[in-house]
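Look at the two complexes coming up: chain A is in both, with chain B in one and chain C in the other.
Now for the complex of A and B:
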């Protein structure tokens, strides 16, 4: 397949990647999912649901979502092999709608979670002396 | 720790030494059934002991920790009857009223709370007044729930009836919402039962509403204004479904707190 058909097939795969990425981002946020967390103070990575030390989950969550999204994209690429243009167009419309719905849903979840967040400072070390 | 568990623990810790105290203070070391059986035997052997009322309420609270309202009710009722006019009799009355409230028997619960609010002393005045106020609000929500549930059911029935010749295949709109419903259902797997019930109700109920709207629009060609009206109705139905799910799952207080205090409180 080449030309418009190949382009549509690539678009279907990209949409599947986006939908898988967003769904994983949402589910891994809503469920206690073990992830790689980066601890900037110790400069090391922790595999945990929620580490006790100061750490950020962003890189691990994005990596997990990208991995699942890539798997979804590859699956869509394999499943659409030899598909008719009409079928590809329908799949693209459906996956586009799924991606849009998941984007709104996941973004709303994060806006809701972060809107009222107030950062709490780490406790000062015991040997700290104010200058 | 839940309020009920905390009360059961405080009742256990509050008692001095002796037969009664040995049973109450060792509740953590035995199963609740075994503790209640021992306390029941003690209460039956000492029916006129002033601590028997406390023992009855203690057993009832343990039963509530285990979500056994059916076993807690007769214990509260006996405390209210046999120790009327005492602290434990009033605790028994309040326990019965709380269980009435949970069964949507609002009139009897509110009457009891109002009566407790007339007792001497600031504690019962406060408990009676705030409980009666909360019960009246819960009754209003329950009536709104019944009204909305009836309207949703009627709307669903009318749409399905009008589209009865074209119910299959499912409309395309339904497939658009599938992943959102799927992630919602996945997300409620690790939630407490009440919250999982509410989320699952919203996710599955929304799919049913979407199906009804889809087949209705497919079966009856509608003008653009009619479609806009249908979309507006759909949004109202989604809000009504959310309200019904929250009220039916007993999550109204938590829902309101989450809206006002944010996600992480």
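Now for the complex of A and C:
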């Protein structure tokens, strides 16, 4: 980064990364999306919308959101090549607003879905001792 | 029946302690950057004061980048043990609210990850005179990160009080 335009262009690209990441996180939660799930008991990875065994979607969802976010950031960097400072400032305001809205909606979606979730305990091993 | 072997289960207590220490440093840096970036954005400051605050913002942006990545990475390493031993065997049976609060916290932390990347990428090279137009954008990211880290820290303490490892 050397001039004011370069710094704003980097911020536009970073905002596009944020918006792409958050949009992917929101959509992949709201709609049935196949993801990589890690099954801690079998220690293997499953490609599924929702596997039947105990598994974690967290890794797959974060990896997918990071990949889409990085692609959005790279696209914004390419599209803003040679853009005027005024155009960059407009793009930064727009992407900042999208980032803020997606952040609020995705956080609210998770609070709504998880706050009242019922527990699904697994059978206790014979030697289990609750501390 | 042999108990299942979970990834890094023997390291869960050490990882939890390290995760908490890094999260503490992150919470401090996030608080400082929120205050500094709001002052840079809202205050009518002389050039030397702006330069001093911008130098602090560059430092905290780098600390946030490093500590967010470290805290998040440690959380990912601990998650398989948490998912089976802590949640599936204990919290889902005895304290469902804590299991739900933990998953809300983990996802809020994940939502802050791109914001931390953006702060690190742009904030570490902030120039107070050249980048005046970015002050509002940086303040928005810094305050958002502070809110997410604060919520995650308090939730983490509450859940660990119920069952940590």
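For this structure, a couple of remarks:
Assume the second predicted complex is superposed on the first by the 121 of 131 C-alpha atoms of A that agree within 3 Å, B and C clash if a C-alpha of one lies under 4 Å from a C-alpha of the other, contacts with A are read in each partner's own complex, and residues count from 1 in each chain.
Note that contacts are C-beta pairs under 8 Å (C-beta built on N, C-alpha and C of every residue); 3 or more make two chains touch, one makes a residue touch a chain.
The structure displayed is predicted, hence computed values, not measured ones.
Placing chain B and chain C on a common chain A by superposition gives a fit, with no clash between them.
In the superposed model, A:58 lies in contact with chain C only, and not with chain B.
Using the contact criterion defined above for the overlaid structures, shared-chain residue A:117 touches chain B and also reaches chain C.
Shared-chain residue A:27: touches chain B; no touch with chain C. Once the two complexes are laid over each other on the shared chain, residue contacts for A:127 go to chain C alone; chain B is not touched.
Once the two structures are overlaid on chain A, chain A sits at the apex of an angle of 120° toward chain B and chain C, using CA centres and rounding to a multiple of 10. Touch criterion met: A:41 reaches chain C, while chain B stays clear of it. One of chain B and chain C touches more residues of chain A, and that partner is C. Between chain B and chain C, the shortest distance over C-alpha atoms in the superposed arrangement works out to 12 Å. Across the two superposed structures, the residue set of chain A contacted by chain B and also by chain C is 115-117. Contact residues on chain A toward chain B in their complex (touch as defined above): 19, 23, 26-27, 30-32, 94, 97-98, 101-102, 105, 112-113, 115-117. Contact residues of chain A toward chain C in the complex are 1, 3-4, 7-8, 10-11, 14-15, 17-18, 21-22, 25, 38, 40-41, 43, 54, 56, 58-59, 61-62, 65-66, 69, 89, 92, 96, 99-100, 103, 106-107, 110-111, 114-122, 124-128, 130-131.
Within the complex formed with chain A, the chain B residues making contact are 172, 175-180, 182-183, 186-187, 189-190, 261-265.
Partner chain A is touched in their complex by these residues of chain C: 1, 3-7, 76, 79-81, 83-84, 88-94, 96, 99-100, 103-104, 106-108, 110-111, 113-115, 117-118, 121-122, 125-127, 130-131, 133-134, 137, 140, 144, 163.
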